[in-house]
Each structure stands twice: as structure tokens, then as C-alpha cells.
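Following: one structure in C-alpha cells, then a few remarks.
Per-chain residue numbering starts at 1, and chain names A, B and C are given in the order in which the chains are listed.
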Amino acid sequence: MKQFLIFVKKEWLHIWRDRRTLFILIWMPVVQIVLYGFALTNEVKNSNIAILDQAHDEASITIANKIAASRYFNLVKNLYSYNDIEATFKQGKIRMAIVFPSGFRHDLLHANSAQIQIIADASDPNTANTLTNYAATIVTDYQATLNHEQKLPYTISTQVRMLYNPELKGAYNFVPGVMALVLMLVCAMMTSMAIVKEKEMGTMEVILVSPLKPFRIIIAKTVPYLFVSFINIITILLLSVYALDVPISGSVWLLLAESILFTITSLSIGILISNSATTQQAAMFMAMLSLFLPTLLFSGFMFPIENMPFPLQIISNIVPAKWYFVIIKAVMIKGLGFAAIWKETLILIGMTAALLGISIYQFKIRLA
Amino acid sequence: MKAITVENIVKTYRIKKGVVEALNDISFSVDRGEIFGIIGPDGAGKTSLFRVLTTLLRADSGTATIDGFDVIKGYKQIRNRVGYMPGRFSLYQDLSVQENLEFFAAIFDTTIAQNYDLIKEIYQQIEPFKARKAGQLSGGMKQKLALCCALIHKPSVLFLDEPTTGVDAVSRKEFWEMLHRLKIQGITILVSTAYMDEASLCDKVALMQKGRLLSVNTTQGIIAQFKKTIWAIKATEMFRLMNELKNSEAIESCYPFGQYHHVVFKPAANNSELLKNIAVRGHFTQFEMKQIEPGIEDCFMELMQA
Amino acid sequence: MEKVITANGLTKKFGDFAAVDHITFDVNKGEIFGFLGANGAGKTTAMRMLCGLLMPSSGQATVAGFDVYKQNELIKKNIGYMSQKFSLYEDLTLGENIRFYGGIYGLTDKQIDEKSYLLLHQLNMEHQEKILVKELPLGWKQKLAFSIAIVHDPAIVFLDEPTGGVDPVARREFWNLIYEASARGITIFVTTHYMDEAEYCNRVSVMVDGRIDALDSPLNLMKAHNAASMDEVFLQLARKAVRTDN
């Protein structure tokens, strides 16, 4: 046991002495959260729009004002002819235009059906979609108040409720995503590099020619990184609760337990990488290609898995981060208990056991 | 019981274009308390041999034992009782002198205090720098620290793979003096080197070249096996003299050795008159010639070209 | 006699520590100059200043007629350099290495073709330009590296422990190349830990604690120190060192 502890201490000294890397490890989650939270958000705010109001009646003005007042939109221009629309789009000044035809209120009240044209710049389809949805919601809203006043029968109003995330905040999606990414990075990449470094420096030779069991060498090398990643989890959770207003709806302990499970998964992948890599560079590239990209692509955090072609959906199943992502979303956002995620947890445990088994079995007691 | 026995060890590496024989049928044995030198240039197979003996590498065939334990079956026992200093000084560059030593003591389940006597003499030389990181030590200091780390668990057999490479003549001499003091304490030492002159400091040596052992003997024994006569020749015009000698048909080999050229005649041509002729014909000044005892380097070159 | 290196009071200080402490010496054209010293005596620092890689703290020096302070770019064009640690690109072939070094010294394609033929011919390595350098034994590698270091016919070539670990025969073949280059008028500036090699030099300097403690032909040094070999001379001098190699 003393051998083991001194090994852990030594490993910690390596991390501690390399302040620059430690600094990056500790701050990386913060930077990522800030980046995703405030800069790279999927939410569309203050999009520039233009309005062509050919009716200029009470109804059109009310709707136009509502839209202009919304935080999603920023009215930059009032247009006066239909021809101006395309020109304004081409100048790149606006992302959406709203057209009220003449006689809008009249049509609405008397013909019971009025039309509004929403023209969006669909070169970025996601944004276009989001914007038109926002606009349509505002219009529906107005219609609802109108219906209420008039008590008119036969009108069908669509009701959309955004469950769990009523404000459609991107943070609900990316906080679990960042947790998965950071854990993968710290645990898998850093451990694999730490083990390979010993091979590169030649110290692995001396350690192997000692009574220390290879199994213990591995575990001792991973312990400090487990600790660092635990700090990272706490940082991310604190940031998301206090800076991004994403509450932890479910049990914190369940959340931490699942995170530790995923940490161990990542660690075993790191060991696996270190078994085949001979230089730190190679280890880093292997970690990047086999972990970072799949986590980004297939965890469901950047791109919804349901929208992927079927073969890719199948592939996504072997990415541990996907299961972790599902679990974290369920516990943290939906506030569900273990009963709801036991299946995913079991899959993750299975994967971890297999990976850890293979990596320890493969770890060489000799050099070649 | 012998400290080390090696029988018919073969180790090959597969590379792109075929197979490299790193160790080709190596056999020798080392007595307890002996300093045994493996002498050979880069690429002779010294490091492969060390790795096989320290249980880091499996040989393709053949057997080897350390303190009676087989290197394959008894690798755990061997790892408990040997000290190993690989070619590159394998220290943690970002740990201090003291931290390195403490770490290596701990992984062998011992403490610095327990075996301090053994390393005292060497450690005292680096103790003033014990808070310094190993990466900031000079070559000579690193070498001493690495030796301390390899000794800290009082091994019965010490493996030193090229400990003096790149180290200056003074530090090399000091290092060998340390080895001789360790030998007195009963530690068996297997040491490899590319410096031929270090052979005379070993009790016994194995000359190695391209994966083969050329000869295993005491230094005197190897020199005694050298049957030819060597002439040491010098003149002011050394380079011209060399070319002149190489052109002579009666001469088998001629190599520069410091201030002299060492010349070996072909059988039945051993004639000092011939040398004098060359001197006169070539108008060499300050010409000097004498018959000398061969050195280990003469023997090595003779053996490697046989 | 034409001087290829002159150093006068050349000094390099790192803080208070004088790594090289007022060294003064000359090296003649075509001379084989052995630059000896224990680890940490200041050899590497002195060599770096002469190669134009490190700015001296004080003193004067010229290499190939150029001033080490102001003309270090010109110095680099007129010297060759080779060390034990780094010499050739292992993952390139012989031909590619020759082409690369010829190229960086501004040789034309035609010159490179001629040189590479001559060079491989001299080393008995014709038709081997397609071999990767890492497949060669160390001795061959070092001989090749030396030949490439002088491919642009420099005034002087600096060799930093060129023969470490090389087998005894190859080591002598290497020195043969040195003699040939010296006969062609290339000046050789060489450090080594093999004292028999020190005896091959025309003149030898021994650095102790950043200063040049002795400078003469090996024969005169041995006489002056009443020693039978350079090894003894070196030990006598280097043991006087006060500063540890740190």
C-alpha cells in the first residue's frame, strides 16, 4: 500500500509541477462553459429583421410592435415596396422580413383568415427555422388574445409547450455535453499521455524491473486524474447552476456517482490508448480521433442523433459519451431518478468493465 | 551458484525488410561478486541482452537465470533482487534528487535510511543538490543519482547499461572507482560499455559485435590469445605514413592508435627490415618503431574482422 | 600562416557565472584542432559562440574571417557542423539528406548531383542513396554525416563528439575522412572523450573551469606534463577543476 501511495504522490507531483497544464485542465471547463453558454449559443437573439406593412392598420401595427419588442428580433428597417425586400436581403442587413398585405385587419375580422408572409434567409436553415418559429409564435399569441376578446368560435389555436426547458435555453443541452467532453479529455487524453511519457523517458523500464505490480502502476497513474476530473465536474455544476441558471433538478449524488462511473470509463480508454501508442504525440492524436470527435459528433450534444442516418445512429451506440449524455440530461434537467436511467447505467457499466478488462490484460509486463 | 547464466539466447526483431538478429546464440556466465563487462560498439546488441536479463524482453530461444531464477518463470523474484540502470538515465526530470530517490526506494518497499550505507559515498556527492530537479543536473550528476536509485534496495545483481557514455574521462574514472567499492560489498555487476579501455577495469569481459560474442575471458586472457606481433610506428608525417603502409603488400592491417600506428604483418612477413625500408624510401622524419603488447582494442578489431 | 579562428579574451557569462572565461587562441587553416575539457568545463558554450549561435558577453573572435558579433549569418554559411546527438534525418534516405543539406547551403542541383556522386563514391556507398539513414550502422551514419557536413566546402567544420559509441574500426575510418578533409584545406575543430583521438590532432586545447589551461601539440603537452599519453595529461589537468560540473 505504501508503494502505491508514493506512486500516487509522485504522479501528483508531475501534475503539480507542470503548472501550465494544470492551469489549462482546471480552467478548460470554465472556458468551454463560457464559450458555449454565451458565444456559441444555438439561441437566436437580436436578429435583424425588416417589416413591410402594406396594411398599416391596428392589427398589423400591434403585431409588428410585438415582434419588434421581442428580444429575438431587432427591427432595423421599415420597407415600403415589395421590391425592396430582396435588395435588403442581398445587402445582408436582415435575416428575416415580415409582410402584411393590405387589408390585413379586414381580412382577419371579416373573412376570418388573414395572411402574413414570413420570408427568411435560409442559407442557414437552422436559424431560419428558429426565427420563423419565433415569429409564428408571436402571431399565434396575438391571435389568441384576439380570439379571446371576440369569443369567436371555430378557431383552432396551436398550443406549443416547451417541456423541461420552457425558455428554450441552449445551456440545458450543452452543460451535459461539456461534462462529457471535459471528462473524456482530462481522463483519457491526460492519462494516456502520462503513461506514454514514462515510456518515452525510459522510466517505465526501471519501474517494470521493480516488484511493483503492473496493475498497480496503472491505477496509481490514474488516481490524480480522477481527482482533477472530480474538480472539473464540481466546477461545471457550480457554473451551470449559478452562472447559467440551469438547475440540478434530480439528485446531486446520483449525478456525481454517474459522473465517476463515466470518469472510470474514460480512464480505461486512456490506458487502452497508452498500450499501443509509443509517443505522447501519437497518444494525443489517438485520443483526439477516437474520443474527442466521436464525443462531439455522436453524444447528441451538438447534433441530434434522431436526425442522423440509420447507420450512424447505430454507431452512436458504441460511444460511451452518448449514454452518459442521456443519463446526465435525465438526472440533471428532467429530474428523473435511478429508475429511469438504470438501463443506460448498466450499458455504461458493461462498457467500462470490458474496456478496463482489456486495457489491464493488454498492459505489458515486459517491453515487447 | 552463478549470479548470471546465459545459454544460447537468441533474439530477433522483425523490420520492414526482413529480420535483424539482435542476439545471436549468446552464452556466458558471471560469478558472484564479479564485475563483468559487455564491451562492444553501438548496435552490438548490448541493450537487448540487458533487457532479456532484466526480464523486460522475452528471448526467442535459449535460457537465462539470475541468482538461479529463470528470467521467464521467475521474473517476479528477479525484479525484487536486481538493480537496473538503463542506457538513458531514467530519472523523473521534474522531480528533485531527493524525490527521485525516495520514489525508487518506496517502489522497492524500502527506505533511504535502510540502505543508506550502500549509497552513502555516492549520495554525499550529490546531496548538496538534493532539492534540485533531476532535469537540471549535469551528466555526471545524473549518472550518480541514477546509480543511487538503482542501488537503493540493495540489489544482489546490478545491471548498468552504458553508464559512462558521453561522460568525460575524469568522471568515468571516478565512476569505475565507485563500482569497485560496490564490488567489495558483494554486489555482482554486469556493465556494458563502448569504451574499449574500460575492459581492463572488469574482472571478465565479453566482447560483442553485431549480436555475437567474439570472446569471453579475462582481459589478460583475451590479450594472450592474440598471437600476432604488433609494431607501433610513428613519424612526423603520420597521414602519409599510413597510406604508405596500407599500400605495402606484406602488411595485414594498419590502424592509427593515438600517436602511433599499429601494424600487423601477414604471416611469414614479419620483418622489421621492411618497415625500415618504408621509412627510408618515404623520407620520413623522426621515424620510430617498436614491438608492443596488444591492447584490448587491437584484439577487438582483430576479432571483429575474423 | 592563415588563421581561420581567432579568439581574444572571449567570455560568456550567465549571470555571475562565467561559463567561458577569457579564452584566447588561434586555429590555423587546415589544422586539426582538438578541443578538450571535462563535462561542464565550457566547451559547448565556447563552440556555440564560435558557430554564431550565442552572443559573447565580451572579448573578440572571428571565424573564417567574420566577426562573431556582427556577421554571424556569414559565419553560418562558411562552417559545417556535426554532432553525435543530431546529424542526419533518420527517416530520410541518404540521397534526400544530401540533397537537403546541399540545398540549405545554396548548392545548385548540378553541384549537388556531382557532390553526392563523389561523396558516396568516397564512402564506398554507391547505389545506396535510396536507403533510409536509420537502416545504417552508427559508424556509417557518422561517416556519412561528416561528409555531408562538408558538402559545401566550408572553411571550417565543428565536430561535437562525433565518434561516441562507434566501433573501433569505423572510428578509425572516420578519422581517415578527417585527415583527407584537412589535407584539402578544411579546418577541423573537434571535441572528443576518446583520448587516443586527441593524439591524432595537430594541436589540442584543454579547458578547465571555463579557461584554456593548456594548448599545444599532443607531443609537447605530454612532455610538459611528463606523461606517456594524452589520457594522463587530461586527467592531470581536469582534476584541478574547482567548479563541479554544475
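Everything that follows uses one rule, which is that a residue touches a chain if its C-beta (ideal position, glycine included) is under 8 Å from a C-beta of that chain, and two chains touch if they have at least 3 such contacts.
Here the structure is a predicted model, which is why all the values come from computation and not from measurement.
Under the stated contact rule, the graph of chain-to-chain touches is a line, running from one end chain to the other without closing. Seen from the C-alpha centroid of subunit B, the farthest chain centroid is that of A. Taking each chain's centre as the average of its CA atoms, subunit A and subunit C sit 59 Å apart.
Averaged C-alpha coordinates give centres for subunit B and subunit C that are 26 Å from one another. The multi-chain contact residues of subunit B, meaning those touching 2 or more other chains, do not exist; every residue touches at most one other chain. Residue ranges on subunit B touching subunit A, taken from their complex, read 51, 54-58, 75-76, 79-80, 82, 84-88, 90-95, 99, 102-104, 106-109, 149-150. Of all residues in subunit B, only 17, 40-44, 129, 137-141, 162, 165-173, 194-197, 209, 238-239, 242, 255-259, 297, 300-301, 304-305 touch subunit C in the complex they form. Put simply, subunit C touches subunit B in their complex at residues 37-40, 84, 135, 137-139, 161, 164-170, 172, 175-176, 179, 183, 193-200, 218-219, 229-231, 234-235, 238-239, 241, 244-246. Listing the residues of subunit A that touch subunit B in their complex gives 2-3, 6-7, 10, 13-14, 17-18, 201-203, 205-212, 365-368.
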